[in-house]
Amino acid sequence: MIRPSRDVSLHAGVLAALLLLFFVTSAYHNGNLARIMVLAVFAMGYNFLFGYTGLLSLGHALFFSAGMYGLGISMNHLDMTVLPAFGMGILASLAVTGAIGFLALRTSGVAFMIVTLMFAQAGYLTILLFGKYTRGDEGFVIQQAERTLFGIDLTDPTNRYFAAFALFAVSYLFIAWAVRTSFGRCLVAIRENEARARMLGYDTARHKYLALLASGVLSGASGAGYALLFGYAGATFASVQYSILPLLWVLLGGAGTTIGPLVGTAFAFYLVDVSSEFTSAYLLVVGATIVFLTLFFPQGLSGELRRRLAPWLP
Amino acid sequence: MASVSLLETRQVCKNFGGLDALVNVDFDLPGGQVRALIGPNGAGKSTLVGTICGRIKPTSGSILFDGQEITQMATHRRICLGIAYTFQITSVFSRLTAFENVALGVRRIHGNRRHKVRGLVMEALERVNIADLARQRAGDLSYGHQRLLEIAMGLGQSPVLFIMDEPTQGLSEGEIEGFKELIRSLSGQTTILLIEHNMNVVMETAQYITVLNSGSVLAEGTGDEMRRNKQVQAAYLGRN
Amino acid sequence: MKKENTQHLAGVSRRSALKSIGALGGAAAFSSIPGFTGMVHGQTDEPVRLGFQVHRTGIGAAYGRWYERTTNAAVERINNMGGINGRPIEIVGEDDGTDPKRGAEVVEKFATQHNCDAAFGTLFSHVVIGSAPRAGELKLPYLVVSEGHHVASGILNRYTLQPCITDVKSQVQAMAPFVHDNLGKKVTMIYPDFAFGHDHRDYFSEAFARRGGTILEQIAIPPAETAFTRYFPRIPRDTEILYHVMVGPAVLTFVKELGEFFGGSGPALFGFIDSLEAVDMNSPGLEFLDGSYFWEGMPRYQQEGMLEFDAEYRAAVGVDANGASISDSRDVSTYAHMFGCWETLHFIRDVMTAAAGSGNMKQAMIEAAEGVTDIAESIEHPQGAKLFNGKTHQVFGHQYISKVEGNRLNVVHSTSIEDTFYPDEVDYTQQEL
Amino acid sequence: MEFGPHFLLATLEGALTAAVLALTAVGLSVVFGIMRVVNVAHGEFFMLGAVIAWFVSTLVGVHPAIGFALALVAAPVAVGALAIVADRLVLRRLNYDPERTIVATIGLLYCIQQLTLMTFGPDARPVVPPFNQRIALPWFEFGEQGLQVIWPWGFGITTYKLAVIAFAVIILVGLWQFLARSRFGLVMRATQLDREMAQAFGIPIDRVYGLVFGLGAGLAALGAVLIVPIRQAHYLMGHEPLLLSFIVVIIGGLGSIPGTIIAAVLIGLSDGIISVFFSPTLAKIIATLLVAFVLVFRPQGLFGLRSA
């Protein structure tokens, strides 16, 4: 099969490159990369369910915002410090994913898409309903002074970068490891042919549930990380748009590949960022690029790389 | 009295929207035997093995495996007891390599121990003579090779009971010979339940034959007994 | 956690007495700040770069277009008058998609990529709140034109100011006396079910009750709703005044369905112009609004004998006497809000002028701004005189109430600045710069 | 307002929502059912219908009724033609791969929105209805003098809203007949059942797909033209009809046109009726969860077959 050394060197290379980029790029790109790394965790979580397990959810904004509000509300209303609040973010996303997964996984295919979409919409409206605590669409700020961890000021650009890097690295290595385990390979089997996987003796329902939990928790970690590092929580992040974005990032970057989500998130970010500098019609550029990519890079950027140059790409 | 049967079905019935597919089927399979399940089209062969491996829930009756009641047990748990099943319609993971197809079953039993898994997978592939195709995508294999891969997937699980639904369909003459060889080499180690249309294969491999007709057991016995059985002849000739 | 500061505006009466000294112009107010007078060295010809966060796409796009036109007009005027400390203003405009995530990214880009001296111009509250933390961390003066109560509520930071447009809390509470004394005692409120609407609900209800009125019912409309008739039966029969405010693309539907629902026999209406901002009063279906009242931040239709700088401002921006584009009379501006960009740019010029020569321009700008108190009515501040509160970073000003008469809005009342005061909720000057 | 009239009013408003939703959702349903693609840009076709209606009715500038009548024909045709072009240039080249069409139609969505923003602008623009009379509705009550007719405050509907409901019903019945009886309908059903088989029988699949995509988009545009005199044209208006029709199609059961219509009526009415009993946002939450739970316990939709 695949020689492990290439995998390991790819993962090490990606992480080393991200570390190196901090020292060679400008403050502006540093800031962008910190953001991209945090959001790539969201995309990786999404990819774990969609790219590896084959379940297309349209409700991940809810898992992201569960983490975001879990941290934000714990800090602003319960006066928690960063670490326990981050734990609350994780717990909140775990609880929300656990409950929704229990119901939504009774369905599959398009019904799964709609059920997750509906639960996420209900979640979004619930955030508005409890505007007293969430400040609804307007959201709230997590004060700069409170965003410190072990005495480290997370709002400092360097610290922020490395905090984002740490979150990214942990998630990335988790995914890289998980997809190599027999659990991860079974997810791929479920994606390819669930009935057959069951007939090989795998409890596919349990596998899907665990995959959804992992996916939800990674999304929640990303949401909590975003709120923590950028100081804001708001209902916008629970809206449908933020369920479609990770799908888009993953498909652009390459579904079912470990580096796809990072590639896709970075690509989408810079596509908007660069094109909006040249034209106010940047959405047209973004839209046309997306259509172009789907026509000529059917498996996403890193999927295409795998197909053409590096079939071993995990 | 302690049961010597590995598999027993008791009064199994299955009704599909008013249509009786199985009627009070009592079926016993002793451990170590190679058994063929034959019968005309629509006799209920696939339905019966479906209820055994859990793809189909029986309307009534019970199924025992190794003395354990498994009628309500989830499919994957039955498989974990040592039942392997190859599909009638080829159902491989077409975008994964042949190696990975077999490895999935092996890993479920042996965990993710790289060398152990590699050894068992290659062994299974070699037994069906497609070891040289291990790195190919299953979907790119010829139909016959996909059928053999299905069998290798079952072998990889070292099953106690190996159920094969029309394994020789689509195989070439040479491959059928190899298949017969394989069954003979397995007999004694593994209990095999074979649904088969190719009478040549049945006669040469099965120690015992069960004939199913219109959802119930028509006759059981050795190949020679069945050949002579008037009812069996009628069932087949009546259709032809 | 946010500290409640119940201290009242110090010296309010003295400051409001200064209102009459309008002719002094903007820069006069700063002369009393020590250390900032007459320091003009360190001047360069480099343009002053101002990051302009524009709602070009998304639900704020109708506002964004007019904010951009107003901004361009103000920049042209300021540059023709010699710019800031002799340096021309260069606007670095970038779309934020009316999205808090992109908004924060854009602010970051202004600070670290474009080396802007300040950022300004954001309207939608969620974009302001999403972006402000980044502005504060990057120490980039961030001057918003939003109406939100976010700045004055104390949740933002020392680098965020709202110097030229009043906030919803002061607007809303200033309406209560007029509504109570002239329109009716029993009010039903309809507002969008998000923070902006909740501010209306909370602050108006409180002020109206203080005045002795009764709130009969509060009807919150879910966001992104496109059909409204089914909610109107919740309006109690004995409602004397229906208080309405709606934002977003469906505002016209809302107002039209309100008219169709009552069919000419409903309660009196009092609304915030947000319900009809950028909407032509001659639009089909709005006839029933005749005789109803609206709050306006700045009167859309040119008024006889008031707001003396209004005409000049209209000409500069390219808006006719009816608040529509000079080139297309059906293209109605967001007149009640967009003056904020014009005034904010002049404010930036004045504080940067006052801060000229100091080592850290951005810090000096904030300090200079915090020293501002009175803002006189002038061509630079055509909406009217204002009083800036350096502690809360929020400006206070006049509010206008207009009546719809023959498809135009005529001002019937303007509040005093004092009507809009409320106790301070924060003292940003206590925060580190 | 008293419960009775309130309930009836909410039902009437729900019926209006249902009528337009049915048209839009049937458009999505034929695309989804036959081509098996999720067209994320469906809402943008709806929006374009409204925008074109505005252009046609304002540029023609004669009597509003004539402009509107013209828009009723021009908008669906133009939008349908555009969809056919999009099918030919993009979807066909993707071989209707489910995942890739999602991404490609997201791209189309951005393009259409931005182009509309650049030409039509960001404002909500009204279209004058061809006729619009408010009809006050009566209510019956047992008072002291026995059964009385009362005219509750605000209890009414406009003639135009009633006409929209009627018109939508006519179009849907016509469409149903067309699909059930015409040759094209037969070809469509054959394609839906088995693409390969249909191809083997000499059905030009590519052309059928193009026409189906055009028909779907045209129906969305037609729904939009009908609603635009009530709800204005705006470049972001496609979002809600997309979500709602998507839901309706799944609840109705994939590819079942009668199922889609019944689901549209159920969703439209329940959205209206639930709003009578709960505070507005809570009503939305309940309506949303209701859809989720219907699918959790009946994943094939209300009228779909289990195997689907």
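What to note about this one:
First chain written, first letter: the chains are A, B, C and D, and each begins at residue 1.
Going forward, a residue touches a chain if its C-beta (ideal position, glycine included) is under 8 Å from a C-beta of that chain, and two chains touch if they have at least 3 such contacts.
Just so you know, these numbers come straight off a predicted model, no measurement behind them.
Contacts with chain A and chain B are shared by no chain at all. The centroid of the Cα atoms in chain C and the matching centroid in chain D are 38 Å apart. Chain A and chain C have centres, each the mean of its CA atoms, that are 37 Å apart.
Chain B and chain D have CA centres that are 51 Å apart. Remark: chain A and chain D have CA centroids separated by 33 Å (rounded to whole angstrom). Shown for chain C are the residues that touch two or more other chains, namely 57, 193, 222.
The residues of chain B never reach two or more other chains; the list is empty. Counting partners per residue, chain A has 125, 128-129, 282-283 as the residues that reach two or more other chains.
Here the chains touching each other pair up as A-B, A-C, A-D, C-D. Chain contact summary for the complex, chain D toward chain C: residues 1, 5-6, 9-10, 13-14, 16-17, 113-114, 117, 121-124, 126, 128-129, 132, 134, 136, 153-156, 158, 230-232, 234-237, 239-240, 272, 275-276, 279-281, 284.
Of all the residues in chain A, the ones that touch chain D in their complex are 56, 103-104, 106-115, 117-119, 121-122, 125-126, 128-129, 240, 244, 247-248, 251-252, 255, 281-284, 286-295, 298.
Contact residues on chain A toward chain C in their complex (touch as defined above): 26-28, 30-32, 35, 76, 79, 125, 128-129, 131, 135-144, 155, 230-232, 234-237, 272-273, 276-277, 280, 282-283. By the touch criterion stated above, chain B contacts chain A in their complex at residues 53, 55, 74-77, 79-80, 85, 87, 91-97, 99-100, 103-105, 107-109, 111-112, 118, 153, 157. Those residues of chain A whose C-beta lies close enough to touch chain B in the complex are 1, 180-182, 185-186, 188-189, 192-193, 195-204.
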